[in-house]
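Input: structures, listed below.
In the two complexes below, chain A is the common chain; its partner is chain B in one and chain C in the other.
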Partner chain A sequence: MLTTSWWKINSAVSGTSSKDMPQVIAWLNDLANRFASIFLSPIAWLPGWLSATIVGVVTGVLMLIVFKYTSHQSAIKQTHDQIKANLIALTLFKDDVRVGLRVQGRILAGAGRLLLLSLVPMLVMTIPMVLILGQLALWYQARPLRVGEEAVMTVQFVSTDEKAVNLVKLNPTDGVALSIGPVRVPTKHMVYWSIEPKQSGLHEVSVAIDDQTFTKQLAVGDGFMPVSLKRPPRQWTEMLLHPREPAFSPESSVQSIEIGFPDRDSWTAGTDAWLIYWFVISMVAAFAIKPLIGVNV
Partner chain B sequence: MTKSHSSASPITRRELLATTAGLASSCFLGGCQRASRSLATKVIIIGIDGMDPRLCRSMIKAGQLPNLAKMAASGGFSDLGTSCPPQSPVAWANFINGSGPGSHGIFDFIHRHPHTQCKPFYSGAETIPGEGGWEIGDYNLQLDFWPINHKPPDTELKRKGVPFWDYLDARKIDSTFYDLPSNYPPSPSEYGYHRCISGMGTPDMLGGYGTYQYFSEDTRAGGIEEGGGKRSQLKFDNGSAKAVLVGPENSMLKSPKPVQIEFEVHRDVESNAALLEFQGRKIMLKPGQWSRWTQVDFGLSTPELLPTQYVSGICRFYLQEIAPNFRLYVTPINIDPSAPAVQLSEPPDFIEDVSEQLGLFYTTGFQEDHKARTNGVFGDDEFLRQANIVLEERLALFEYAVNNYEDGLLFFYFSSSDLQSHMFWWNEEENAKHPSRSAPEARKHHEYVKKLYRRLDKIIGDINDRYGGNATIFVMSDHGFANFGRQFNLNSWLRDFGFLNTRECRSILVDCDWSRTQAYGLGINGLYLNLKGRERDGIVEPGEEQEQLTRKLIARLKAVRDFNGEKVIRNVYRADEIYSGNATQLAPDLIIGYARGYRASWETVLGELTPDVVTDNTAAWSADHCADALEVPGVLFCNKPYKLESPSLIDVAPSVLSEFGLDTPSTMNGSSIFRS
Partner chain C sequence: MMVTQIRIFLAAMLLVAMLPNSALAYIGPGAGFALAGSFLAVFGAIFSAILMILSWPVRRSLRFVLRRKPPEQPRFKRVVVLGLDGLDHGLTEQLLAEGKLPNLAALRDQGDFKSLASTLPPISPVAWSSFQTGVNPGKHNIFDFLTPDERTYAPKLSSVEIRSLKKSFGFGPFRLRYGKPDVRMLRKSKPFWSYLGDYGIFNCIIRVPITFPPEKFRGVQLSAMCVPDLRGTQGTFSHYTTAKPNDVERTGGEVVRVQRKGNAVTSDLLGPPHPDDPAGGSLKLPFSVTIKGTNEALLKVNGETHVLKLGKYTDWITVRFKVGFVATAQGVCRFLLLSTEPEFCLYVTPINIDPEKPAMAIGYPKVYPIYLSKRQGSYATLGLAEDTWGLSEQVLEDEHFLQQCIDIDHERETMFFDSLEKVPEGLCVCVFDGTDRMQHMFWRYHDKEHPARPEQVSPALENAIEDLYIRMDDLVGRTMERCDSEETLLMVLSDHGFNTFRRCVDLNRWLEENGYLVVDVDRRNEQYLAGIDWSKTRAFALGLTGIFINLKDKFEQGIVESGEAVEALAAEIAERLRGLIDPENGQTAIKRAYQASRAYRGPYKGNAPDVIVGYESGYRVSWETAVGKTGQQVFSDNHKAWSGDHCVDPSVVPGVLFCNRKIETDHPRLLQIGPTILKMFGVPVPEHMDGQPFEISSERTPVTPAKSKREELEPVA
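Entry: the complex of A and B
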């Protein structure tokens, strides 16, 4: 399956124009979702700090390996050596201002060269990293609702369908009850409901306009579950940010469905903090492992 | 946080065995609630503002307060002499200092500066504006670190003297106070053994003592500012309206202006629901529903190149009606306990620790929104509901307090009994006719007070179960309660007898002729002479003239009768006779002790005059305690027998100190109730 997705992406990237970008993102998300369903599933049963640490270490090491094989290692080593030599020169000729300034210029130039030499690996890693971060955000950016905890669900309609706001209905299910609403806001083409989960699990909430049904995932439980904040419109930026559910097509009356999940409170695996923690841990891991696999960074 | 430390009292073998047996039995009986296992001395004080001894006695007799009855039987129960005047800030300061108002300098809710001729201020704390600063454009930046020609604004605790916890602190005995009145800003702990969260007197983000905001379609354009609240008009267009929440003043501006936050209100009349869009958050409500606490970030604009400063407040929304008249109430914007903009506790991070466990909660001193009820924004049921929300929060805080208590002193304060009594109390045996409610209604409302007493009794039962054998437990109130059916305008009375001029004067703060005024009233019980050399425009010569005037006023005030011949004033007290100490500078000259059923009129408090002197009190606030101190004593229950026959508030602190083996300090006038 992974091979099929990768083949689709290759074909799309090589043979289509930029307006097909959402389709490319959809395939990439599909690939990332399949990948994450295998490799990130232990997050569900590990303590948050531990899973965040393991993910940070593994991604840090992987980034380092990718860096090793996608960068010009000998050029980086040479630049490092030149910088070191210039630093020694700086200490040796500290009384000579002219030499000192020239050496400092060389150090700066060396640092700039290192940056240039990192561009290729960074470009190679950008897409995988965005996809990985998108998947991690599903686990850490918000927590699932608890049974009985209310949340606001927002449905955004296409601006050309003025009747949809008045026609839409929330379909009742066993797992989710309507607590308040709807509040229809025609000026914004939006409808809001307050919903209350009744059972733990991964539910689907659905709204209907006439005979059309539109669904949205709803995560309910106490531990870690992938939480999709929004089923996005077909815009590639939104799709990258919300990778778990398929985007609505531009022709659809419903353009997005969003649920206000609560923040997760944790210094390591909580809302927003997880990103800083992941960055620090991955950097520490990469620098710690660097001498072992002989990478010049 | 400080660690627990051993107290001064030694542990006897018998106490040790009793403690062990108590713990074993509580475990055996399945007590899942936590009780400290520390063997050091424990004293617990439950402060129940306004708990009345007469009502307690009648309910104990009726078997409705079994736990307090048990306490009274095993230890003692008596009236607790209150302060003169019996106002909460005065009374709690008496408790804090173990001494009278002459020691702490708080004589009323309202004080005045004599040199500004009766400019009023809140007696417990005063904000002193800053001086100097760095002027850039429209801004005047207060640089806290800059030592020259610059003084940042400051809030000063006006209570003087030595609080009794200082003596415990010096002996390394832990003391923790939750919601302590008359202690904002919180007084510092020199040795780090005292912790405290400020109670009554703590302001909201707008700097007052609780300003709600109310949005409705029927409010007139331009809004209304009323005592304790702001009303704004909402205009709906296609189901949506824009509203503005008013926040604190940006004090960095040369001319400070309040920070405003725009939010959107959407309503759906068909489904009877509304959505508030507020700083990126969505809050959905149906009529009668309260939102959870919402954090509000107020951005204080700064000069260019400097980053915008943010202060955090919290509020809750209460949707009253969708249509035809959309009505939305917003609580006063409380200081956020998880990130307080000003110091609310000692040590400063104590309240943050509590908030980390409990979430957000009310931090203003007056939490039950009596102003919303008085101004008609709330009905009785709505006020009761809001008061119960406050009570539930306090109970959660109480549980936290007890669970985190090891030894030393624990003080916890309940305000509900006071503010619910103000609104719902009516003793029909004293006055059959309530000024604004029918007899069945008044009875029904009074029943709420009794229900609250029963609830508090259960809490006391719980604390007795947990600590009864191992701690000295005091249950005390600062004063009792009385009906407030008729009100007396002191300034109007002074005007009618020619002591205050002109006859056309509407307010002593606006149009009083001080050159012809000998005396004036300000605050609830205070009467001041317009004394030469003390007041800015004083005319009464100190000495003989002052003495004659004082005697004349006392005699005439004591003779005041209502239309039915009832005595309005029970007694008039001379400050020079009842107050002693180093902090009497701001004391009124006379303190009016009203008879039961009477109180100073609403207008009197801030110096307004009315055509009639004695009038009906038609406000929702229909019970009070600002009468003669002898009419409204508080209660004292203790689980340990005590000897003092007529204890008063100033005796509690010496009693607590004696439990820790400390003698009564010379700063206190009270004495331990455990010594005869």
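Entry: the complex of A and C
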């Protein structure tokens, strides 16, 4: 389950969007970007494993505290106790199979109750966790392009503007060279370019349709930098997953611009693996701290 | 507008969170634990279910092949014994005739109701020991609650010996202790459920007196009488008060004077003696109380805050005493705010051993008390759980004591009904001893002539004993509902009956007046026989049941030679005591006095008091004699709240035996119950057992029990 890639989550959560929801997400993303620019900036100069560990520990402890104050602690403790009692009962009263099955039924019911009781803290934590994971993904999900390393940039157009696919052009930029393209696919309302960075740094690549310009961040370098894979359309799920750049408005001809950044190869701070590592570390940290702050989870 | 947005957003997040594969990535660690925990539980349940179903035929076959098979066909699949300590035959019969005990009447009509002969003496440790072993006291070695130490004459518990933990290593505060206190059972002979276990029959034994320390057998057990509190005593309450010392002179517990500063009172809970320096005093746990008006206060202990309401017990509160650097001694107690004005008074129950983390084994297997604690929350573990001392010493009001007893009965009932659910085949025994404690303390309301009866009796207490019997009748009704199977034999029994205790008999004074005992007149009020001149004393009394000859071969300062002289002396004392008249009213105080050498048989009869005194109705050994004092008069009125008793002649206080089958004997005895149950399961009765099994009919008359008057207890999942 955990091996599901961060970006595969995208497909799982995509769907419903509401008229007002994107604006809320835009505000939250703005807030998260400001916080992250302060609190996550050390990732840039720390070793990946260390920063991933620190982030995991801190978020684990913070979430545990949130859990403590948003959950029905006494009900959770009681349910835990009931589950434990029933587990002990399995060892004490094992002669009668009917008694055993009844006890197991109660364990299942207890597990269900535990899930229900975790619903409220889960809901409360969903928003901050999505924002935090969105920010962490910027750092760990992909690595920046290296100088001279080619990548494909994809621009997705709105289906109602058929001319845009043919009119779009890549604006020349000092730090980035065009190697191939544009490749236009009118049936999918897409245009591709292969680009090649010439200098390290955080660049902006822009495309133009007539007098309109659309930009996309491009991270180039060797270490850790926030890498925005996609400038998203104005859909709240997409905006949550790609929080760094402002979304395109629904009226815009361009709906998204995506750059195929390479995977980062690391067990702790690499593509996909960072999420598993973060989850494990945050769990371990919270379990370790649990007795000290007296939380029933 | 914003609110709508947030609602929509939260609804969407809920949807997101409920998506199975992606949810974990979004919910964060906190909720992740809960999910992981519940998945573990689900996984554990499914795995164990599969394992159990797969292994069940194998286990069943192995049991069938390997276990010892009873030579006779079992008559019943399950036998349930509900013990109601001290339920009196005469009073039960009276209330049955008045139609006040419909469930017991239904049980009688289904099967039978008889008086049940108790033991000599008819007191709980002796009687329940005979119940469980099927032998007379000469074979199980329990003759009283207390017995004199042969070296010092000081009283000691007769059924258990506890030695404290001494093993440790380390230095200074960094000392790690290991091991458990050495607890030895002094009751001899083997309980009948051990024999059942030998034949593969499962047993669930809950709070039967004299089962501490717990013994190994096939089944589960929660110990009762003689389980100490965390301090190692048989129950020491604490009373924190701002009242002046002369206002609180006497107490069976501990009075701690506290000072009120504004609305705050601070003090310490007293725990067990420090393991490194027992003489240096007890471990302490600070607590504070902030008074919030006349009816409420906040208690802060162990970093947790609890609300105290005037006259209401708190739930069980866990208290941890630090022992050295890392170890803790953990107990549970309840607090009761008695008053805030003009004096602050706070009562704390004896600190019971925490069943969730027991400091010593209080059940078998060790995990059973923990199981109960997880299942139903904390509960009283102290042997004599109801604090009769608190009421006797007028720290508690009658209502407080009554509430304590009722709460403990509820705890017991939850355990008992769980055992009935978990043990469809085998033996279930559960003893409720609140009946005994309440009759001890409230008999003065039942006996209108009692010297301790107050002039004005609250209507709620006027029928306290009758109400108790009605409550127990209700419990029997609920039990019958759970035992309504042709394959279940249900017995409701008591170990002895009850009687009024109006007059005290000071046996030591009688011995002194009759030239058997010499005491320093200035020291006659000292406890534990301290003022006695042993060089001139031939006999003395200690405890509730009888008189010891000061034997040369037995006691450190004994003067009576063994042999015929002892027999003669015991016979002489017994003869002179028999028919002793109370000069104040001309009534006979002592019905019979028994010589132990004739009353008992077995290897331990030498440990018994040499003369066992069987009092007439209304009399009992005096409070002074019980603790080894020598008073100034033989007879005196009993003015204590402890107003009912059963330390009399066994013929005065028979117990009860109800059964859902016909009992084919006219005079059943308590020590026949064990052998009878063995026979019901087809298990041979060991030859050493004194009780002979009686016959029980297989048929029962169908009678519907009365509807329970009280609401069911909160069901526990």
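We take it that the second predicted complex is superposed on the first by the 279 of 297 C-alpha atoms of A that agree within 3 Å, B and C clash if a C-alpha of one lies under 4 Å from a C-alpha of the other, contacts with A are read in each partner's own complex, and residues count from 1 in each chain.
One rule holds in what follows: contacts are C-beta pairs under 8 Å (C-beta built on N, C-alpha and C of every residue); 3 or more make two chains touch, one makes a residue touch a chain.
Given the structure is predicted, the values throughout are model-derived calculations rather than measurements.
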Side-by-side fit of chain B and chain C on chain A, or clash: fit
Chain B versus chain C as contact partner of A:P47, first or second or both or neither: neither
First (chain B), second (chain C), both or neither touched by A:T154: first
Which of chain B and chain C A:L114 touches, first, second, both or neither: second
A:S194 touches, of chain B and chain C: first, second, both or neither? first
Comparison of chain B and chain C by chain A residues contacted: C
Chain B versus chain C - smallest C-alpha distance in the overlay, whole Å: 18
Touching both chain C and chain B, counted on chain A across the two superposed complexes: none
Contacting residues of chain A [partner chain C, same complex]: 1-2, 4, 6, 8-9, 12-13, 16, 18, 20-21, 23-24, 59-60, 63-64, 66-67, 71, 76, 80-85, 87-101, 104, 106-112, 114-115, 117-119, 121-123, 125-130, 133, 236, 275, 279, 282-283, 285-287, 297
Touch list for chain A against partner chain B, complex: 150, 152, 154, 180-188, 192-194, 260
Chain A-facing residues of chain C, complex: 1, 4-6, 8-10, 12-17, 19, 21-22, 24-39, 41-42, 44-46, 48-49, 52-53, 56, 59, 202, 220, 365, 367-368, 370-375, 377, 421-426, 716-717
Residue numbers on chain B that touch chain A, as the complex places them: 238-240, 266-268, 271, 273-275, 281-286, 289
